[in-house]
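To keep things simple, chains are lettered A, B, C and D as they appear, and every chain counts its residues starting from 1.
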Amino acid sequence: MSENRIRHASIHGTMTVDQLVRQMGGCAFGAGRIGAACDILEEMQAQDVLKFFGLSGAMVPAGMRNIISGMIRDGYIDVLVTTGANMVHDIIEGVGGCHEKGSETADDIELKTRHINRIYDVYLNEDYFGCLETKMQRVYEGMDQRTYSIRELMSEIGKNIDDRNSILRSAYECDVPVYCPAVQDSVLGLQAWLFKQANRLNVDAFGDMREFMDLCYGAKRTGALLIGGGVPKNYVLQSMLVTPRGGFDYVIQITMDRAETGGLSGATLDEARSWGKVGEDAKAVQVICDATIALPIMLAAVNERRGRK
Amino acid sequence: MSENRIRHASIHGTMTVDQLVRQMGGCAFGAGRIGAACDILEEMQAQDVLKFFGLSGAMVPAGMRNIISGMIRDGYIDVLVTTGANMVHDIIEGVGGCHEKGSETADDIELKTRHINRIYDVYLNEDYFGCLETKMQRVYEGMDQRTYSIRELMSEIGKNIDDRNSILRSAYECDVPVYCPAVQDSVLGLQAWLFKQANRLNVDAFGDMREFMDLCYGAKRTGALLIGGGVPKNYVLQSMLVTPRGGFDYVIQITMDRAETGGLSGATLDEARSWGKVGEDAKAVQVICDATIALPIMLAAVNERRGRK
Amino acid sequence: MSENRIRHASIHGTMTVDQLVRQMGGCAFGAGRIGAACDILEEMQAQDVLKFFGLSGAMVPAGMRNIISGMIRDGYIDVLVTTGANMVHDIIEGVGGCHEKGSETADDIELKTRHINRIYDVYLNEDYFGCLETKMQRVYEGMDQRTYSIRELMSEIGKNIDDRNSILRSAYECDVPVYCPAVQDSVLGLQAWLFKQANRLNVDAFGDMREFMDLCYGAKRTGALLIGGGVPKNYVLQSMLVTPRGGFDYVIQITMDRAETGGLSGATLDEARSWGKVGEDAKAVQVICDATIALPIMLAAVNERRGRK
Amino acid sequence: MSENRIRHASIHGTMTVDQLVRQMGGCAFGAGRIGAACDILEEMQAQDVLKFFGLSGAMVPAGMRNIISGMIRDGYIDVLVTTGANMVHDIIEGVGGCHEKGSETADDIELKTRHINRIYDVYLNEDYFGCLETKMQRVYEGMDQRTYSIRELMSEIGKNIDDRNSILRSAYECDVPVYCPAVQDSVLGLQAWLFKQANRLNVDAFGDMREFMDLCYGAKRTGALLIGGGVPKNYVLQSMLVTPRGGFDYVIQITMDRAETGGLSGATLDEARSWGKVGEDAKAVQVICDATIALPIMLAAVNERRGRK
């Protein structure tokens, strides 16, 4: 009988998450990819692998904040590259705000009159942006006159958030650098604009490049876990265009974007091999799934595996 | 604090699948939908609910065969509506064939020369269709001269498969009717064509309607778990257009098809309410996910809940 | 300079559709696929090519009815394989009903109270199903006691519709056979059930297979234009599993379904080569696009090309 | 007869693009959306509307470069917000490089050995990055010691490209500001890193905000045409969070991203109304289509309409 034979999944009684994932791993399509992704994520936790985490999408509003801050504290993430929006929502929760479950079929004009901003089926009370403003203006006020990099700005914010579950705070405490290339494309940018009406603030758009490249140069082996695509995916992968290493050794991307429209977000990881972003012998898998489903499963399975060691 | 507040998922240590699902249930987007789907699937298991299962996609090649036959044996399915293709692959495994894990980027011309048929990343040796032919010609030979319904044909096949993990065999043993409206749209149809070259075979395309409608009429409450869309989704839901019941009480659809192109497969369950297919007060959720990922999770979680009772 | 160089599209002044398509043809991604599809569709119109048309999705409600009946009358279609639903909506328009433009964000419970059935952003007044019932009961009454094939049933309906724009009428007049494998999966099935409460009606599910296979056997060359996936795609392509011809010579599929979930609807045409459904040297392209956008463009471009000859 | 009746499209003879679009406009699903988008795009060309253009995806490699530079020269674009990648590929063509049509099923390891970088079905010879380096190092060398905004950097590049079809050159000549919030997330960022090894370069990440906000404040009415999502979509729309205007008056987004995963790229334009990014009475439509198909059609149709005036 063939070694490659599909092993039909068997689901009986009470199972742990990794028991389930191992059943899925013998299957094809998405189930097989989840299985492969867990194997790669587990292998990526070796000591000599520098682990990048690319975070796009509205993961914080969706309820993934503690998972991500926990991953930072548990050593799953050495370098975080993310969008301004995820950090905005992280700060909002860090200053006492919260996100609520709503409906994706709500009347948006009516929501507007109730000062509710909608993110698919998540509601956010607009008033929390006032709390964010107070916090951010203070952060900007506390900064020196010198030129900052965006990573330094993220670190300043993390230092000023008093919330163990905060992504920025966790990164600050664990010395995990946070890169946020399009920081101005978020309410952090609008807050900077407000602050700069009357004050000096200089954040060098290219200020992180050297440090980021040095991280890549210095790593023995590298791995990337990419949630969605966007700027974080490209920023993580493009580092390999100039480093002599030969591409990432491990890459997992969780995405629902498709390849056929040609955008980078949905591009296959094979395509990235032609560029040298993903190594020729790299272990790489693209999981076509909503990240709020795939990430918790994968993390729970790998946690379980590591706990058993 | 709001009752609707997003409860950020917490993933630590070894978790059972239902512990994970309950963490996901406090979140939004796909995670929240998985949580809601598990609650509905659990509630659907009440004694007075007639439970329909719509099965499309290549679930058997992917490795979901034992899950589905197990669901039949465990009482999750009272009525099965499926595609000819899934039954073809069920029979192939039932006569000793198997599916293998391959690569979705293989050279298909080369596969053809090796007599391998590809289904995304699954390979199927063409020779197994010979075994299928032997079995099916015998099944057709064993049938009477009378007019059959498709459900009766499915039952005849199930009777002739000696494999506890077979979907058709399990349905046969458990008295679960199997409807397969487009049976001729599969190798079963090609086998019928072959048989009819020299023999009589009459299977009435409309022969199942009365029985199927009577099932719907007779049910106190009804629930549907739909894997993908296609004929199975529509065939299950359309029954409510003529029954006076007022639509399904519970509906879960797992699909990756999108609504905007207007096809029935990707249509929202809200749309189905305008038709009366889904009841006004029905509990319904559409899980936007690869079914090979979502179905195992949901089944494992609900198994665990039922085991605890 | 490379022959393969991307020719950046130039859009200026008033252009005919084919002028636009030829600009798109020098581009990549979807634009390039539209260009390739038009070339194949044009080439497929050669006299010795038997032209199959697979029609799924809600194309009639969307406003594509006249396009399709026009294609039959203009010789683009030799064999039509479709879903019951498209034929139901064709008949509804043929008996005086109409579809209306509505909103995909409507309140479906409220629509239900207004007797409006929604198909994405199309509304259909439920009362038209009454007209359909009158027509269909008469059609069934007019049929003989013998066993019919589904193709013969479709022909009976077409004969009874007095509307030049009707797909079924056009097919009847032009001797284009209409295959509808899952006919019972539609209101035609429900009408058959109603009729069979008190009358005899026998439609052989496998009654079309021989005729359909003979068509494939007899063709010198074959082409398929597939709108969406579903039963029509598979039914058209599977014919090549038993014919000795070696697969379709030309295939165009317009679809938004994706390949990664493993279903046949989204499967690539390369995958179909491993099965021998698409020939090794076939010209084949999959256009990833809403068919209500791609089909009118392609037809207008090819009309223009043929008109110039 | 209802005013809202679906007008089935009629395709006959040789048609101009706008004749086709007007046929599509009477239909539903994607065809109807194309019709609505053309009406909005036409109306947006009124003199008092400030027209934003958000450009993401790999539009330049795909062959849309001349369309976009033409739109700038023809007055369709007052403000351009884009990704670094599109500008990189614009510069590559501007310094003599070209993109070629390849295959999305190529062997990427083999492409790598041939120094070919793949973007879906587009090939790019790696050597062109050498030409880009020469150009960009010269541009950086020519800049003053002062702090630049990203828009000023884009203008510097445009000034230095001698190619009428260049997007950056056209914007430079037509005084259309180009914002590129995540400029460092591209080879422009890698080039800046290289330059900064030995030289000073200071580009303020927040340096564009005031100017960009002033543009929004100053506009009487505003419109946005968004190709894909990503940073350009958010950056354009977020401006309305702080301006007192009440959201965009016209918005068209062409995208294939879906809403259910909660990301901003696929978010509906209705959702944007809850935030005040899109006005309560705004005319807005989301076209679910590959932009390389939808954009050329829409532009050709509106060109034709404007030419007739």
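Simple rule for what comes next: a contact is a pair of C-beta atoms (placed from the backbone, for glycine too) under 8 Å apart; a residue touches a chain by one contact, two chains touch by 3 or more.
Values in this document were obtained by computation on a predicted structure and should not be read as measured data.
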item: Chain pair with more C-beta contacts, A-D versus B-D; value: A-D
item: Which listed pair, A-D, A-C or C-D, duplicates the contacts of B-C in over half of its pairs; value: A-D
item: Averaged-CA centre spacing for the pair chain B and chain A, given as whole angstrom; value: 35
item: CA centroid of chain B to CA centroid of chain D, Å; value: 43
item: Inter-chain centre distance, chain A versus chain D - centres from mean C-alpha coordinates, in Å; value: 25
item: Multi-partner residues of chain A (at least 2 other chains); value: 28-30, 58, 61-62, 105, 119-122, 256, 258, 260-262, 270, 288, 290-292
item: For the chain A and chain C complex, residues of the former touching the latter; value: 28-30, 105, 258, 260-262, 288
item: Touching residues (chain side chain D, partner chain C) in the complex; value: 1-2, 4-18, 20, 23-24, 26-32, 34, 58, 61-67, 70, 98-102, 105, 119-123, 165, 256, 270, 288-294, 296-297, 299-300, 303-304, 307-308
item: Residues of chain C that touch chain B when the two form their complex; value: 56-58, 61-62, 85, 104, 106, 108-109, 111-112, 116-122, 147, 150, 181-187, 189-190, 192-194, 196-197, 201-206, 208-210, 213, 228, 230-231, 234-235, 238, 241-242, 256-265, 267, 270-276, 280, 290-292
